[in-house]
Every structure is written in C-alpha cells, then in structure tokens.
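As structure tokens, here come the structures.
In what follows, chain A forms one complex with chain B and a second complex with chain C.
This part shows the complex of A and B:
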C-alpha cells in the first residue's frame, strides 16, 4: 500500500518534470518552429540565476519562480533580437546558430561560475509515508507543472494576447494584414519560451548538481517529448510526457534505471513510427 | 631602435620579477619533465589543482638545488578534456620535446591513450590518480589508491557503524562495475549481505525511484561509487527525502574533487569515505604543504585527493632519480624498484616493486560541516587487487591492463 503510493508519486513526478523540461521548448519549437538547441543552456542559466540569487539572500521561492524566469526571459529577448529574428523560417540555419549559442553560454557560465559542481539544497523537507521516506519537493514540482499547464492553457485560450499569438503562428501574413506586427509577437513569444526554460532550470536546480554543461542532459528528452507530442501544444505536451514518464518509471521500478532510460527511447521510436506527426497528429485533433 | 611605453613597462616588470626569484646556479642543461593534464573542459576541477601540484613540486625540487645539480624544467600541455589530444601531445612530448619523464593523465581513457606511446619511446611514465587497478607495465608507476585498498578499509568500518545489509549504487562504467564487485567481496568477507546493486549511466540525475527501491530492500548501509556532477544529485535527493538519519551512507568517490564543499552540511554530514588524503589530516607534513600551496597560489586551498597523489608521484620520481644518480630510464626504474618511500601530505608512500603501484596510508573519514574529518588511519595498505594479477619482477615484459577476477 505504502509502496503503491510512493510509486504513484514518483511516476507523477517523472511526468511533471518532463512537462517542465519541455514546456519552454514546446512554445519555441512547437509554436514558432524554431529549433532551439540552446534550450538546455537556458535551463542551466535558470539554475545558476537561482543559486546566485539565493546566495545573495533572496528567498528561494522568489528566486526560482520570479527572478530566474525573468532573467532568462530577458536573455532570450536579447538572443531573439540579435540572432533568431534574422533566421525565422530557416530551420537549418537556426539549428546551427542556436547550437553555437549553446557553446557560448556554456563558455560564459564556465568563466563566471567555474567548472565545478554547485547547487542549493531543497527548501522542502522529506516526510514519511508508512515505512517509506519521500521527497517533499516532488510535490512542489508536480504542483508547479500543473499550474504551468493550466496557465499556458488559460493564456492561449482565454486572453486576447494568446489569440493573437496563435493567429500569428498560423498565418503571420493575415495577422500583419489585421494590423498586428508579427515581429513583435515573435519577440514576445520567444521571451515567454525562454522564461519557461529558465523556470524549469530553476525549479529543478535544488535536485541536481549543476555544472555549465548540465543543459546537455535535458535537451534530448525535451526534444523527444515535444516531437512525440505533435502539433497541439498542451495536449501534445501532456500526452507525450505522460506516456514517457509512466513507461520509464515502470521499467525503472521493475528492472533498473538503465532500462527506464532504454524504455523511454524505445517508446519514442515506436511512437514516431506509428504516428510520424506526433500523438496529437493522430489523436486529440484540433485540441490546443 | 624604437621603444614604446608599453614595451618599456613590460620589460621593466619582467626584470623586477626575475630579480625576486631565487637564483640557484645549475651546472648542465635542464632535466625535462613532461606534464599532460586537462586544465580546461569538464575535467578541469581535477586537472587544475593537479597542474598546481606539478608546479609546486617542481619549484620545491629546484629550490632544493634541482636533481643531480640540474634544474627541472616543465613541458606542460593542456589536453582540454579531449582524449584525442592525449595521443597528439603524447607524441609531441616524446618525439619533439624528448622529455625525460612524463607525469599526467586523469581518466583511465587518457592513460591508455598515451601509455603505449611512452612504452615504445622508452619514456618513463607516472600516472598519479586513483583508478580501477590492474595495469601491469614496467614503464609506468601508479600511486593512486586502487579499489581494493580503499574498499578493504571502508567496508568493515562502515558496516561496523551501521549493519550487515548493504545496498550498492554505482556508476555504470568500468570504475563503478569493478568497484561494486570489490564491495560485494568485502561485504561477504565481513559477514554481511548485499541486498541490491544498481548501476547508473553518467547522465542520470533523477534518483527518486531508486531511493524508493532502496527503502523496499531496507538495507543498513548504502555504498555509492557514483561519479560526476549528475550523480551528485543522488546525495542531495537522498537528504531531501529525509533518508540521512535512517540509513547510513558511504562513498568511494565523493570528495575526490572537493565535492563535499558543494553539499550543504545537512546533506553531507555523516557520509563515510576512505582516501589517501584529506585537507583535515593533522600532520606536520600536511600543514606545511598547505602553507606552501597557499603561498605559491595566492592563498588558494583547492588541493584534493588526486592533486596530492600527483604531488606524491612527482616527489617519488625525484627520489628515484636521486637514488639512481642518473636520469637514464632503466636506472631510475631499478632505483624505484628498490622500494623507495617518501612522506608527503597524505602520509608515507612506498613503491611496490612487483606491481609499480603504491603502498600507502588509507584514512577513514566522515564528512562533517563540509570537512572530511579523519577518524582513523590504516597505515601502509598493499595494492592487493593488482598484486593478485601482476608480478613485474617475475614477468618484466608484461604490458596488460588486467580485469581482476574476484
């Protein structure tokens, strides 16, 4: 009984962390079709911003939930103005440019913070469930990602800004004809995407040992999740994160963490073979 | 000749600094010492202090009058954590610079990349890092701790402090696999039982399900030969789940790159480990070493296990040259094989003639407030793992890295 509960929590946590890792990329890649290979480095910077802010005496939750997304969002804004905006619609060129950016960010972080592992401890203590100890911070991550999904949905569905953004992504020429500047909309969307990446890096920072190259660990999973999710932003994100999270956790518990990772990759291959357009290319059509 | 202000100032500065250096008159041309280390890239946390250790040791040797009346000169290459550069710079050191000895290499992969180059060119080679054991080659001297030396000491100590049921969490490559096998052996030898073993690829950073699995097995002790930044997450998540006070924890790797200074006291306190060196070692040699290090590098105190091993290796080589009275490779090897000892910051280090590994002190430690407090010192442990497979006095032409059957 206790073990069942622990397994359920761990599985929910795995799904939630996949959602967190992929949300920023889903906005930047899913909506704007910009292949951001520096996504992992945006997360890494979110982590470093949090650690630096906490070191300066800021409350850890403020640092994670406010400062890190803002700072990384602003970095994203600068990147968009200087690099990305010249490359819209040129997939391969953006890949090359963002890969270069990721190397620059790793280099800068190494220069500033050094190449040694840093980190902060989790702000929430563990507690007992029957005979098991469980990491209280897992619940925080689950809550953050639920709020995040609802938030993205509310903005895209319920606000005028969301409507304009969705419209501009589908037909930027029509949006322009109606008097909205696609340039501005892209800029704002990229800001939001970067901020989401920064948030993810920040929220995960207390669980990991952070080094400038940490971003590399996230990027593959993020791309797999977003691509397997397909065209619908939220339905795709949630459905693919759920499938991958559940499968990898089941194999991790049943056999070992190595098989958990293997199962995730095998599932990705099968999914893409069966549904080349992603899960939402076949199911949940027309959803957001 | 025109001279601008910048050049003039630069020249003046150079002259002033040159005047400050102690001048020892050296007879002949310098002895060439090759150094090959990752001073940048992912492994620079290990490589930078090792490079500092090289410079400190060579400065000490030269201040004491050099070797055989000759100055020691460093030929250093930064391999940038790139294994391909090891082969390239290894060739350069032996063919172009024609150095008399090479010290360096950090990962086992880097050692294997240059070991044969050194052997073929008859260049004496020192690899001064803790590693998985088993290299048997008369041209190489190794003075890091091997798994058996470390685990043999750590397992009984940790089991005495906790209990008989042990769970192993190890990195999934040769070091972790081999170390896990040694842990199993010593747990059995001490009357204990291994209730589970899990291996993790180096990029795994989420240990939530593992922590639940460990609790299902309900061990008394977890031993974790985990490696690198991603694996450091385990110690953090273990503490976050509140496991610290429930199940005892020991590691064979934590602290080698000063990781204990990254974990908070709540996360690190009570973790048991066993190494050849801790900054907290209370010996006159260590106090003097730390002082000289600080004086040379502006108060820096980044020395760690591997850097100190490296420092030991340089002084062992110097002692070998002094004993041999020449820098001829064969003569130096024979001198080292007489079982030369030096006493360094980590204690007494003796060359084991049969394996060219080191007999050294292993210190049992417990982390407390970001320090590695020494609980007990086990003097002069033999490299029993490599000794089981390697005998260079009987078989001097051996050139293998053995996988030791346990």
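This part shows the complex of A and C:
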C-alpha cells in the first residue's frame, strides 16, 4: 500500500518534471518551428540566477518563480534579436547556431561561477509514508507543472495575445496582412519560451548539484519529449511526457534507474519510427 | 568536375605526400596523429551529410563503437589485424541496421537527428553503467566510466610483438587518411555517388526515376559509419585507452562543427575543419584566460551566421576572384539545399 503510493507519487513526479523540462522548448518549437538547443543552458542559467538571488537574501520562492524567469527571458530576448531572428525558416541552421550558443553559455558560466558544483537546499521538508521517505519538494514540482500547463492553455485559448500567437503560428502571412508584425510576435514568443526554461531550471535547481554543464542533462530529454509530442503544443507535451515518464518509472522500479533511462530512449526511437510526425501528428489532430 | 580522375588522384597524392612530409616539422607527430584521425572522422560525417544529405547527430556513436570494438577484440585476440577489420565492420553493420530502420520508415530532417542522438545517448548511458564485473565480453571487462585500458595496440600484421607507435604510427594514420580520401573520391565519381547527390537534391524525383532511395541512403550511412569506425580504432590505438566519453554528445557536436566550419559539400573541407579546430583547441587548452568551450561555441555561431558555406568554398571563391577566370560555376543553391538535410 505504502509502496503503491510511493510509486504513484514518483511516477507523477517523473511526468511533471518532463513537462517542466520540455515546456520552454515546446513553446518555442510549437509556435516558431525553431529548435532551441541552448534550452538546457537557459535552464542552467535559471538555476544560477536562483542560487545567486538566494545568496543575496531574496526569498527562495520569489527567486525561483519571479526573478529567474524574468532574467532568463531577457537573456533569451537578446539572443533572439542577435542571432535567431536571422535564421527563421532554416531549421537545421537554427539548431546549429543555438548549439553554438549553448557552448558559449557553458563557457561563460564556467568563467563566472567556476567549474564547481553549487546548490541550495530544498525549501520544503520531506515526510514519511509508512517505511518510505518522500521528498516534499516533489509535490511542489507536480503542482508547478499542472499550473504551468493550465496557464499555457488559458493564455493561448483565453486571451487576445494567445489568439494572435495561434494565428501567427498557423498562417504568419495572414497575421501580417491583418496588421500584426510576425517579427514582434516571434520575439514575444521566444521571450516566453526562454522564461519558461528559466523557470524550469530554477524550480529544479534545489534537486540537482548545479554545474555549468548541467544543461546537457536536460536538453536531450526535452528535445525527445517535444519531437515525440508532435505539432500540437499542449496535447503533445502532456501525452509524450506521460508516456515517457510512466515507462521510465516502471523500468526504474522493476530493474534499475539506468534501465529506466534506457527504456525511455528506446521508447522514443520506437515512437518516432511508428509515428514520424509525433504523437499528435497521428492521434490528437488539430488540438491545441 | 573539370579535372579528370587521374589528375585528381595525382594531385591528391602529391599534395598529401608534401603535407605528410612537411607537417611533422611544424607540429609534434603525437599531436599530428590525432589531428589526422579527427580529419578522418570529419570526412566520415562530411560524406554522409555533405554528399548524402543525411544529418547525423550521432556520428560519435560509430566512432566510439569502432574504438570499443577494437579494444575488446584486441584483448581477446591479442593481435591487431582482425580487430582493425572488426572495428570497421561492426559500426558499418550497426549503421546499416539503424539506417534501414530509419530510411525505410521515411524519417527525415529533425526526426533523423533525434533518433541518431538518442542512439548515441543509449550507448553512452549503457557503456557508462557497465563498471561491474558481470559485464564481460570474452576476456575484456567493459569497465563502465573507467573505460578499457591496456589492450594490444597496433602491430605489424602477423607479428604481435612488433608494435607500431610513435612516428611510424603517424605515417600509418596519414596514409590511411589518404587512402580513405581517395576511396571517397572514387565513390563520389561513381554512379553511386552521382545518384547519392541526386537523392540529396530531390529525393522524390530520384524515387520516381526508379532508384531505391532508402537502400542507397542506408548504404551511404553505413559507409560513413565504417570510416568513423576506422577513425575510432585508430584513436583507440593512439590513446591506448577507450572511455565512454567517445560516445558523448560533446564529441558528436564537435564533428558537426568541424563540417560546418570546413565546408559542407566538399571532401577536403571537413578534414581541414577537423584538424584546424582540434589544433586550435589544443592551443587554447594551454591558456586559462578564456574558456575553451566559449570559443568553440562562438566559432560555430559566427560561422552559421556569416559563413554558412564554410571555409573551403569561401577560400576557393576568393582564390578564383583573385586569380582570374572561374573554371567552375559557383553552385550556391546546391550548398544551401544540402544543409537542410
């Protein structure tokens, strides 16, 4: 009974962290068809911003939920203006350029913070279920992910900005003809995507020892989740994160954490082979 | 292709003989050997990406697979000839299976990238976790993150006591690179190469003309993997240890950067890019003022933005502009198409 509860929580946590890791990349890819390989480094910077802010005496939740997304969003804005806007419509070139950017950010972080592990303690204490100890912070991550998904849905469905963004995503020429500059919409979208990456990095920062190369651990998973999800932003994100999270947790509990990771990757290969357009290219067509 | 095949071969031989002779006076042969090996690795991706239109994010997987195959086989056999052959064959077969799965599934572009990336990650994670004593192939322990040290290095075929190392090993690697280069040249001049270019330009049209696109791409992919495997085996001999970092994403990234900087759609570009950037990294590694990764990243960004065709075509264009008439028409469109997988 206790074990079942622990497994359910761990699985939910695995799904939630995949959603969190991938959200920023999914927004940028879903709306702009740009794959931002510097996504992992945006998360890394979110983590460093949080740790620095906490070190300066800011409340940890303010640092995670407000300061980190804003700072990383602004960095994203600069990157979009300087590099990415010259490469729209050239998928492979943007991937390569952002890959280069990720190396630049790793180098900068190494020069500023040094090649050492930093971290902060989790602000929520754990508790015991029967014989098992559960990290209370896992619930926080689950809640943040749920709020995030509902938030993205609400913005895209309910607000005027979301309507314009969806319009530009479907037919940027029509949106331009109606008087909305696609350039500025893309800029805003990239800001939001970067801010989400920063948020994810900040929220996950207490769980990992942060090093300048931390981003690499996230990017592959995020990349796989987003591509396997397919064109629909939210349905794709949730469906692929769920399938990957559940499969990797099942194998983690059944065999070992390494097999959990490998199972996730093997599933990704199988999924893409069976559905080259991603899950939502086949199943939830036309959904958001 | 204004020059004839014979002229091409002669020019290659003369230039490479000169380079092999001159370079050791400028750079130590130990460093030079690894530059040559990286050049071969760059050429392997340059072939399948620049001429086959297949963007592989996991070329390092084949490199690492070649190195591991060599190390494991060398420990078990105790002589280096058969392990060298295996180190070429195993990655090629692996790539053929992987390629068949992808190309018959009509995967392109990003999806191809994701799958190759994922396969590299799987290999990396798996090999990294094999530190325990239960992971043994024959007499060789896989060793996990510690890698495999102490295997039989390259020897004169048939005589396990006569090791080839130091200066002679440099000449072996350099000659191997020249041979691979000539084979690639021959491949691209053959009808297979011409058809591969056609597939890169327009897959649907070549399919409608009756060519089996998936089979040809699979073969191309396997050839690239074979070259990468050979480079891996040579690297294993050079380093005398193989570690999982050979499979890492960073290694894959570097190969892609070499190709971009050197120039896609050329044979010599990726080799120059690989050797040049690896040497630059070696020089930068000797100072601690600016982080190495930062510079690699900046180079990649700047090249994608300002010189997306790479160095070799740019230098060729400059050469033509300075020294009179153009002999060949610049082929801008072909380059651009190639970059989009």
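Operating definition for what follows: the second predicted complex is superposed on the first by the 288 of 288 C-alpha atoms of A that agree within 3 Å, B and C clash if a C-alpha of one lies under 4 Å from a C-alpha of the other, contacts with A are read in each partner's own complex, and residues count from 1 in each chain.
Everything that follows uses one rule, which is that a residue touches a chain if its C-beta (ideal position, glycine included) is under 8 Å from a C-beta of that chain, and two chains touch if they have at least 3 such contacts.
Owing to the predicted nature of the structure, the values given are computational and were not obtained by experimental measurement.
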item	value
Touched partner set for A:93, first chain B, second chain C, both or neither	second
Contacts of A:135 with chain B and chain C, given as first, second, both or neither	first
Chain B versus chain C as contact partner of A:143, first or second or both or neither	neither
Touched partner set for A:127, first chain B, second chain C, both or neither	first
First, second, both or neither for A:104, with chain B first and chain C second	second
Partner chain in contact with A:258 - chain B first, chain C second, else both or neither	both
First, second, both or neither for A:8, with chain B first and chain C second	neither
Partner chain in contact with A:211 - chain B first, chain C second, else both or neither	first
Footprint overlap on chain A, comparing chain B with chain C	216, 258, 261
Residues of chain A touching chain C in the complex	35, 83, 86-87, 90-93, 95-97, 99-108, 110-111, 216, 220, 223-224, 227-228, 258, 261-262, 265-266, 268-269, 272-273, 276
Chain B to chain A touching residues, read off their complex	40-42, 44-45, 172, 198-201, 203-206, 208-213, 215-216, 218, 229-233, 236-237, 239-243, 246, 257-259, 262-264, 266-267
Parts of chain C lying in touch with chain A, wherever the complex brings them together	55, 101-102, 105-107, 109-111, 113-115, 117-119, 121-122, 125-126, 129, 249-250, 253, 256-257, 260, 290-301, 304-305, 308, 339-341
Residue ranges of chain A in contact with chain B within the complex	3, 6-7, 10, 13-14, 17, 115-122, 124-128, 131-138, 206-211, 213-214, 216-217, 249, 252-253, 256-258, 260-261
